[in-house]
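Take a look at the structures below.
First chain A sits with chain B, and in the next complex the same chain sits with chain C.
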Partner chain A sequence: MTLAGAALVALAVLLVVALVFGGLIVGGRAVRRAREARRAKLATPARRLLLAIAAGDDDPEQVEALVRLSDEVWQAVEPNAIALLGKVRGEAHTTLVDVFERRGAAWRARSRLRRRDPVARAQAAEVLGNLGRKDALLPLCDLLGDPDPDVRVVAARSLGRIGDAGATQPLLATLASRRMVPQQVVATALTRLGTAAQGALLASLDDPRAPIRATAAEVLGLIGAVGATVRVESALRADPSLDVRISAARTLGRLGTRTALAPLLDSLEPDRPVALRAEAAKALGELGAVTAASALTVLLSDIEYVVAHNAARSLLRLGGAGRAALTAAEHRAETEPDDERVLLGAAHAREALAAAELDDHRRQLVP
Partner chain B sequence: MTAILVADDDMDIRDLVAFKLEQAGYDVVAVDNGLAALTEATQNPPDLVVLDVMMPGMSGIDVCRQLRQDAGTKALPIILLTARAQEGDVEVGFGAGADDYIVKPFSPRELVSRVEAVLARMRT
Partner chain C sequence: MTADWVRQLLTVTDVFILTYFLLINSSYLVLIVLASAEFVHHMRRVPFAGHEETYRSPLTQPVSVLVPAYNESAGIVQSVQAMLALRYPVFEVIVIDDGSTDDTFERLREEFGLVEVPRVVPDATPTRGRIQSVHVPRERPDPLVVVRKQNGGKTDAVNTGINVAQYPLVCMVDADSVLDPQALLSVAKPFTDDPIRTVASGGVIRVANGCTVVAGRIVDVRMPRNWLPRVQVVEYLRAFLLGRTGWSRIGGLLIISGAFGIFRRDLLVEVGGLDHDCIGEDAELVVRLHRHLRRQRRDYRIVFVAEPVSWSEAPSSLKVLGKQRRRWHRGITEILRKHRSMILNPRYGRIGLVAMPYYVLFELLAPIVELAGVVLVPLGLYVGAIDARFALVFVAVAYGYALLLNLIALTVEEYSFHRYHRWTDLIASVLASVLENFGYRQLTAMWRTMGMWAAIKGGKHEWGQMTRTGFQTVLTPEKTPETTAGKSPVEKAAKPVTAKEDVHAES
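Up next, the complex of A and B:
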């Protein structure tokens, strides 16, 4: 065969391969579209029923009609049902849970937790979480080590929704695992467990792994665990990890107890890390202790922008005394115009006061 | 009939809110994004707006701010419906001019009560 002939054959083969692939893609899309259209057609009448129940109608006939839907129709409407289950609460949620339970959804979801398809595992975890099945605690905790990161996230969220404090340690442990769950997801799930998780969170402040201690300290603030103040104060003073100390400072601001004032003031010292000083300055504003005004005023001329900036904003949060301190710092620039530190403090004070003024104007404009 | 504009990019929530409000006797117009909500509210001002906060493109907060700046819509009652439940988020919502703030998961019955309360407040 000549070179030109071989090239022609190669071109023809390529053309056939391209046509086959093109046909497969177009055909696949058409099949998917047809399947979706069939699903939508099947789901339409059932969806109306589902909306009525999700809207809070507890008409037994409607509930019964939804329970008795054929499996094919239920499968078509199930994605909408799962979505609504996670977005409503109150009687609407209770009735939907009843429908799911009577259709055997919990049993089916548990059996799907081990499917090869990660989407099926994630959907199963979501259903169990939305149903609030406490008996799903252990399998969901196992799923926190799933090879698929999205499945792990769904499992963590579902554990938060179930709200059993037994999930505290497994959730925290994922933070130090090779197969980790993002810290924000874990913190949100732990927050949903509420004060029942306080004991396990306090114990986790002694964990050798810093990410676990930092998250435990953070969540103690988010759940308002005032009883943990002393232990969080000691974490702020002595924990070897900067991240833990920063979380502890933030938590002390959130908890708002007066005893937090001393360790937070101590964290402002110039030899402390900048990130810690900045967080402590911010926490003092949250704490709202007027006695912190003088320490915050000193920080206005701090060379580190974030420290001085946070101190200025915290002074604003202290109310009248804080605003007076900012105004005095601003006026000092007129009497000591050659002192760079004074000018720096005045600039930060001016910035905070201007931001407050902007806020006031905006409030006037919004009815 | 009292007209309510509902904006949510989540079809299930949008349909649920519209269904519940229609059931309660309101005339509902539903849209799936912030820009459409702003256009609808300025062209055909409703009696109340229910806005999802997180929508692609223009958020509910942005829509709320824009409505408050327009002379024709600045007094329009606005309820924000959102999954964002942190203290700061609620502050931002009210700061943008919302009259009420409902967190998902929400009770559809409570939503109707809140709508009625906001409308009653506006009438007095």
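Up next, the complex of A and C:
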């Protein structure tokens, strides 16, 4: 082909492609607008019914009207219904679930769990979780090993929403799996299982895999499993994984049992990793044990910022004794102005005391 | 008569320029295709993105939002109010007033009832401008911290913010940016989805000119009224939204805008924060993170998410635009020079072998080739080195192809986020796509070349003397006779005062 031919072809191709894309933009916009307008029109009356149910109105006629909506109308309003399902609680949630069930949503979702399209599988898992279908426990546990990471995450979240303690082990197992689910997602789901999961979580503290032990330790604190204190204490003392020990320290703070004082104080020793010392200092504040005041006061002049900072904030939480220790540390700067460690401790103390005064001031403003 | 060798040289050069344009435009096309695939992937997963779960989870990582501000009096209050209203479980907003000479701080103090508080600030990253005081709201429980410091530039302000930050994630935001309410949840999502590997995540910047802003929120998106920002809307769409999404898709993202990006704080501290001596400090940080993590053979991800939007005002005058583009290209030049050992170095994987060579060829050198095309093709035509048919092919490849890319980008936007919903906006976008290729491109090429020249010349940046002491800075409101008489710390700090100089304690 000659250059002239090439030029003509190039220009012609450009023109055609430009026209095609121009048409796509205009056509796409026109179709989208028309569809949106039609959906809005279809959904308006049904949305009113949904909002009434969400507001606690369980009038059987309204429920029946939703159940009998044509598929076209239901499709238009379904995104709103799903959004409401995730937000409402109590009676309204039960009524809404009933509407979904009677429209065959659970059956449809179950049939889509094995679709080739990962988005279809994830949507199905989401629906089953929203409906709280306990009979979906096993298929959802299977999805925890799905090749698609998004499907695994949705399955884990849904298991949390269903709230059956039988999901504890499968959820924990995903943390060490080749097809893993992020720790935060698993821990949040486990937290929603509540105290029923406590036994399995306790047993998981002996698991050889560190991520499982760390998450189990974390969740035990979040669900307030006071009975697990002794076992968590031993994890703090002796677990070979730093992550597990940090989670254990945090959990002991959350549980607030006095027996945790000794292992937490032991974790403050200078030869312990900084992250552990910082977490232990924080946990001692949550524990509220006045006897920790002297150890925390020493930490005020720690060279690690986060350790000293947490110690100062924890002293505040110990009440009068802690504040007295902070005030004393602040005043030490006046008697030993050349000692930089004393100055640093005094600075942390001053910062914490000022924050406390502000909090007190704000509390006084609340009627 | 023009010598034959000159004609031959011009012929060869013009063929080279034509080939270059063909390649660069094709590379944009590839990036757009990659971005489109990513958008499809993203849009299909929005219904089960789990933002609500993230919002409610007690385990969601808290974020420190860093807002460097210099003479932002006009919009700072509205901006901070909008940031405090962001939807995220636990976060703090740290405004770093970098020695403003206007009443930026006073406006904040009045609005939020700020009071000075003592504070120990770890010297985690290097800073130059000394912190003068730290302030928090006296009565409102807003998670707001305002740091006043000596002027040291944006980099210094951000590094100061990193030092002050209490949370494991830090989000850098421009003081004049307007964030979508869900922006923080969305941009932090990669840290929830892949907490071990994700180290940084960038959000998209769009042009705020022409949009209606109410109480720090964009309530009506529309095209700007002036043509200059209109062209930038199309440019941002193609280059930033689609280009960066494309690079992110293949794990080669080199730029996260300092106007909206979120990073792991511990890693920022590990790499020494932002570089004071580089103008493109945000992009340099990302390249340095790649370098650091690749050297340590760590498995990591630096990603770009297209959904959360930070709206920024684009330059509406040629003068400001020229300054911006010179600065940007000077930044790119400095970054590529500083990290030249990474280029074509297999040790840095696709960053060294693909992304950086691409930036050298199609970002760094693009303005030179662009200007060469403007001059040498007409010259070649004039001296008979090329004929009219060649010139026609050149126009088709260099400008027609580019125009087509803009149309494709607009199509992708229309089928994905479709933020501009008026028909008039659409017509303006198409016209801006045409205009970009005639005048705008050539002007920006000239400014970019000037920026590159400035970097080659190596004019020193005036940033002042850096101090890296390894100390923690202890900020204490000045002592007055009243404070020794037993006044409370809050009362002591009621009037903003400058911290005592050189009060350091060893870290």
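Here, the second predicted complex is superposed on the first by the 345 of 367 C-alpha atoms of A that agree within 3 Å, B and C clash if a C-alpha of one lies under 4 Å from a C-alpha of the other, contacts with A are read in each partner's own complex, and residues count from 1 in each chain.
Assume a contact is a pair of C-beta atoms (placed from the backbone, for glycine too) under 8 Å apart; a residue touches a chain by one contact, two chains touch by 3 or more.
Just so we're clear, the structure is a prediction, and the values are computed from it rather than from any experiment.
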{"item": "Chain B versus chain C as contact partner of A:L51, first or second or both or neither", "value": "first"}
{"item": "Which superposed partner A:G320 touches (first chain B, second chain C, both, neither)", "value": "neither"}
{"item": "In the superposition, chain B vs chain C on chain A residues touched", "value": "C"}
{"item": "Partner chain(s) touched by A:E357 [first = chain B, second = chain C, both, neither]", "value": "second"}
{"item": "Touched partner set for A:P240, first chain B, second chain C, both or neither", "value": "neither"}
{"item": "First (chain B), second (chain C), both or neither touched by A:P147", "value": "neither"}
{"item": "Chain B versus chain C as contact partner of A:E340, first or second or both or neither", "value": "second"}
{"item": "Partner chain in contact with A:H93 - chain B first, chain C second, else both or neither", "value": "first"}
{"item": "Overlapping contact positions on chain A, where the chain C interface meets the chain B interface", "value": "86-87, 362, 365"}
{"item": "Interfacial residue positions of chain A with respect to chain B in the complex", "value": "47, 51-52, 54-56, 80, 83-84, 86-93, 362, 365-367"}
{"item": "Contact set on chain C toward chain A in their complex", "value": "44-45, 47-48, 50, 52-53, 57-61, 115, 117-120, 122, 124, 136, 138-141, 192-195, 387, 389-390, 392-393, 396-397, 400-401, 403-404, 407-408, 410-411, 414-415, 418, 423, 426, 430, 472, 474-476, 488-490, 493, 503-507"}
{"item": "Chain B to chain A touching residues, read off their complex", "value": "10, 12-13, 15-16, 19-20, 23, 68-69, 74-75, 95-97, 104-110"}
{"item": "In the complex with chain C, residue positions of chain A that touch it", "value": "2-4, 6-7, 10-11, 14, 17-18, 21-22, 24-26, 28-29, 32, 79, 82, 86-87, 119, 122-123, 125-126, 149-150, 153-154, 157, 182-185, 187-188, 191, 218, 222, 303, 305-306, 308-309, 340-341, 343-344, 347-348, 350-351, 353-355, 357-358, 361-362, 365"}
